[in-house]
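Common to both upcoming complexes is chain A, partnered first by chain B, then by chain C.
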Partner chain A sequence: MKAKTIRLTASYLVLIIFCVIAVYPILQVVTISLRPADRLLSTSLEIIPENASLSAYVQLFTERPFLRWMINSLLVSLVVTVTGVSLASTAGYAFSRFSFAGKKAGLLSLLTTQMFPATMLMLPLYILLIKLGLINTYIGVIIIYSATALPFTIWTMKGYYDTIPYSLEEAARIDGCNQFHAFYRIILPLAAPALVITALFSFMTAWAEYVVAAQILQDSDLWTLPLGLKSFESNMTTEWGLYGAASLMVAVPVIALFLALSRYLVSGLTLGSVKG
Partner chain B sequence: MNATTSARTYHRLFIFFLIGPAFLILFAVVLYPFLYNIVVSFSNMSLRHIRDWSIVGPLQYVKVFTEESQPDFYVIFFKTIVWTVVNVLFHVVIGVFLALILNQKEIRGRWLFRTLLILPWAVPQYIVALTWRGMFNFEYGSINLLITQYLGLSAVEWLKSPTEAFIACIITNVWLGFPFMMIIALGALQSIPHELYEAAEIDGASWWHKLRHITLPMIRPVMIPAITLGTVWTFNNLNIVWLVSNAGEPSDNTHILVSFVYKAAFNLYRFGYAAALSMVIFVILLVFSLLFMRRTRATEAAA
Partner chain C sequence: MAQVELKNVSKIYDDNVTAVRDVSLRVIDKEFLVLVGPSGCGKSTALRMIAGLEEISRGTITIDDRIVNDVAPKDRDIAMVFQNYALYPHMTVRENMAFGLKLRKYDSSEITRRVDEAAAVLGIKEYLDRKPKALSGGQRQRVALGRAIVRQPKVFLFDEPLSNLDANLRVQMRTEITRLHQKLQTTMIYVTHDQVEAMSMGDRIVVMKDGLVQQVDSPLDIYHHPVNRFVAGFIGSPTMNFFTGSITRNGSPAFREAGTSFTLPLRTDTPFGENREVILGIRPEHVSMKEQQGRPRRKVFVDVVEPVGNEVFAYFSTGSGRQFVARLSSDDLPSVQEECEFVFDPSRFHFFDATSGETLRG
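== the complex of A and B ==
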């Protein structure tokens, strides 16, 4: 039994060390956001700095259009989430359940989209959006974000549907459901964990994206959070206090979502295979 | 006869209705720019020829492989391979290792540990990059403060020398990437039937034997697609290298291929050259993925 005690002690030790490594950089941001304005550069290692102040947070909401950026980001992200979930849940279903010409090629081409440097798609897209008059509109960014997460989320959905037995639809069909109802009423609710993952990934792509937004949303009224954050450092000196506070405000909703959904993460992330 | 034809038509329409919208949007956002990029890669498009560009043949591809830049293609390609291999190796080893520990039934507070360990994944990448850049600061960064105050070592010029700056980027990316592999491995571990271990214990198998002959082979089919994707994502991850090294500092010594493409396109406006280099990256990753998946499938069939 002694070997077991040693093993468990070592396990706890490893877990604690890695948890400290995982959390420490995030605490750094907390520290920066709490530092009083006159002591932003500090060689102290304290987590809660001396004379901690919330002034950066107050400034964010009173002197900067932070609330505006947040509402913009929320709007874009929610539309992208709804679009992403609708597209991935349906396409993934077809790839899991039916055999049709070009199925394997379709799945492989989804994987292939990940191999091209995404930033190089920006230039042609930019020219296309100018021609369509979609610069400085959300439609452009929403379409691009919806497509970005799609290959991965379709694969995730397909992998999860593969674990649901086909006999369920057959039973539903015998009971008189048509194909769409069998999918919509029977299978979709069972795929909840994968739907949650798909929603989370779609939301994350939109919420935290900078490069595409910087090209398309040039009007500062339309800025999303990453663009606003970047503006704190594009001036002569970085406004570290504001930057820290804003980073935290951006990261906290995502972290909260991750934590709330973490039990689905393990069960919902089933990457399927190409075959079948 | 007529009924079956209409049922088949309905079936085809249903599949089209399921897949059509997703692929329509992917054609618009990925395929069209990709084809456009191929055209640009054979042209002389640059700041000087932004509107009056013309097709010049494979000139840009020749430049990619022969141009004497500082650093040149081969040096950056080598760095990209080091970057990808080191990152993915650490992601997978740390991820699987932590998953194995977390999967022990006797550990209390597994939920809490798992929750804290996925935090690096939840923080948006540009915030991660800029935070770590601050932590690598020579004078005020907490990394140097920690190693001078607690380990008694001398401070390291993380961001001013090529090797250290590259290591700083790798540390940052290892930090943010291990939770993904951990979660995938955890899911795979939980799907292993418990009877396998019970049978092995009856046969008197050691801990190492169970790991070697049950656990690793059982999580392998799940890890292979994750590793393929992880490799492609890491190879193409612009954010970390670009933001931690502040666009390749010191003096363009901290580049991987994608950050070099980004610089060529959006800082130097050499669009034709950047497009050609992108195509080279694409072909490298395509060949890698096909070989890797074929090889792993072949060994699977043999096993």
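== the complex of A and C ==
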């Protein structure tokens, strides 16, 4: 009994420590965004500081093109998400279900691309986009983000399809479906958790990305949120209040998306379909 | 009318494995045909080729005189019940059953009528709004049957539909499928590895081994007149007893087991010559402990006795060490680890060629 209590206390202690480590920076950003002046450091431990003000948030939406950056980011991220989900769901299905020449090599090369650091790919991608005339365009970043996210998402989708019994598609094909209908009407709904992971991963790949965007999107009208945020920092000063407020606002769509999609992140969707 | 015909059908996989070899079969209208054989004999592959789920490497398959080799499964007018149910887990029972009809753009009132009718026949009316995961194994298999029935197809295909059910439910469902066949009067092709299912359900049975058809006949003909040792051994439970030996003709004909002194007198009209090497097959039920006039008796050492209620299985071995099983009446309970006298019936003996295993007709 005593040993159990000690074990439980130790577990909670470890969890609390990690929770504090995870939550503290976010609370600190909240505090900074609410401080009346652009002060990064303070001796106060208050989360809501003295003379707290929402002026940074007001300024963000009224005096700065924050909404513009958010719309740009949403546009890029949503297109990357739709592209990622469409291509990963179909490519993963092909890798899971069909035998074709180069299947193994294809899967391996997708895996290999994940082994190179993204920065190493910057120069060749930059040259490629120049030759294609896609520098300073959304299409340029969308192509790169999609291509970066696809290997992981294709593997995720393939892995999930592998767990769905093949006999479900066979039953559907006998019931009146062709291969595509069987995929669309039977397999895809059952792969909802993997689709959600794919969607979130694709969205996040584009939403919070800075390095690629900084190289390709040179026109400030095309800036996405990470580029916009960076603009609050200049050689002489950094607008910490705006920086903090913008950082928190950037997280809002991601949280909303996660909450909207989390109900699909359930296990056991294929329960009852086959004996097992 | 729905007649299915396979002409010289073969299935060869990419790695040169031949699953089905040159199978020719004709399933007549309204017939219940059972494909039976051990695992890997090609029975399921043959069924899947009829369904259109496997490509045909050679030969032709016709359904109602129409060659369907290149016809998609959905256009063959067949329904299939899978071993593992293959129900759509995200749909309710009603949606599962209606799925095929919806795809074929049936009127919603007609869909409701058919689904309700099938559900009533199968006793699953109260489960129509449940998802498959909320059903037991037997109920799921009933839903799978219902999904096939509502389509009213020309041909029903069953791929070992009962093998995932427990013993009692299997017997119950077996009767239900037979009853269903009598009611629907539709051509049905049924795959199983269970010879009891095959014997009890089929109008005709196709016994397969290594991708080859061994025998096509009615259940009783297959049981009483197997064409070779494999069929004789596969059909019947417990399996037929086999003795390898030769014929002796010192006065009256007899069989002598190779390497032992175990002999059995044969009928006087036995046509085989002296020293002819044969395999003698005796079904367990053709051995008894009741003395019968003119039938040979032999004393053997009984090592195991299995009373199963209405009958008793007695195991003994001959000098060669080969196990022999006798199916006895429950009144005849032999003593274990003792010598008992058994009576054989030479008129029910089967003879097979020692080399080819083919049945030798006397």
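The definition used in the following text is that the second predicted complex is superposed on the first by the 236 of 276 C-alpha atoms of A that agree within 3 Å, B and C clash if a C-alpha of one lies under 4 Å from a C-alpha of the other, contacts with A are read in each partner's own complex, and residues count from 1 in each chain.
Just so it is clear, contacts are C-beta pairs under 8 Å (C-beta built on N, C-alpha and C of every residue); 3 or more make two chains touch, one makes a residue touch a chain.
It should be emphasised that the depicted structure is a prediction, and the values quoted were computed from it without experimental measurement.
More residues of chain A lie in touch with B than with the remaining chain of the pair chain B and chain C. By the touch criterion defined above, A:189 lies against chain C but remains apart from chain B after alignment on the C-alpha atoms of chain A. In the superposed model, A:111 lies in contact with chain B only, and not with chain C. In the superposed pair of complexes, A:123 makes contact with chain B only, with no contact to chain C.
When both complexes are overlaid on chain A, the residue A:47 reaches neither chain B nor chain C.
When the shared chain is aligned, chain C comes close enough to touch A:171, but chain B does not. Residue contacts after overlaying the shared chain place A:71 against neither chain B nor chain C.
For the contact definition in use here, the residues of chain A common to its chain B contact set and its chain C contact set are 269-274.
Across the complex, chain A meets chain B through its residues 4, 8, 11-12, 14-15, 18-19, 21-26, 28-29, 32, 41-43, 45, 86-88, 90-91, 93-95, 98, 100, 106, 110-125, 127-128, 143-144, 146-148, 150-152, 154-155, 179-180, 204, 207-208, 210-211, 226, 229, 233, 240, 243, 247, 250-251, 254-255, 257-259, 262, 265-267, 269-274. If you check the complex, the residues on chain B that touch chain A are 10-12, 14-15, 17-19, 21-23, 25-26, 28-30, 32-34, 36-37, 40, 94, 97-98, 101-102, 104, 106-107, 113-128, 130-132, 134-135, 139-140, 142, 145-146, 149, 175, 179, 183-184, 186-187, 190, 221-222, 225-226, 228-229, 232-233, 236, 238, 257-258, 261-262, 265-266, 271, 274-275, 278, 281-282, 285-286, 289, 293.
Residues 99, 165, 167-168, 170-178, 181, 186, 189-190, 268-276 of chain A touch chain C in their complex. Residues 14, 51-53, 72-74, 78-80, 82-90, 99-100, 103-104, 131-135, 137, 140, 147, 151, 164 of chain C are the ones that touch chain A when the two sit in their complex.
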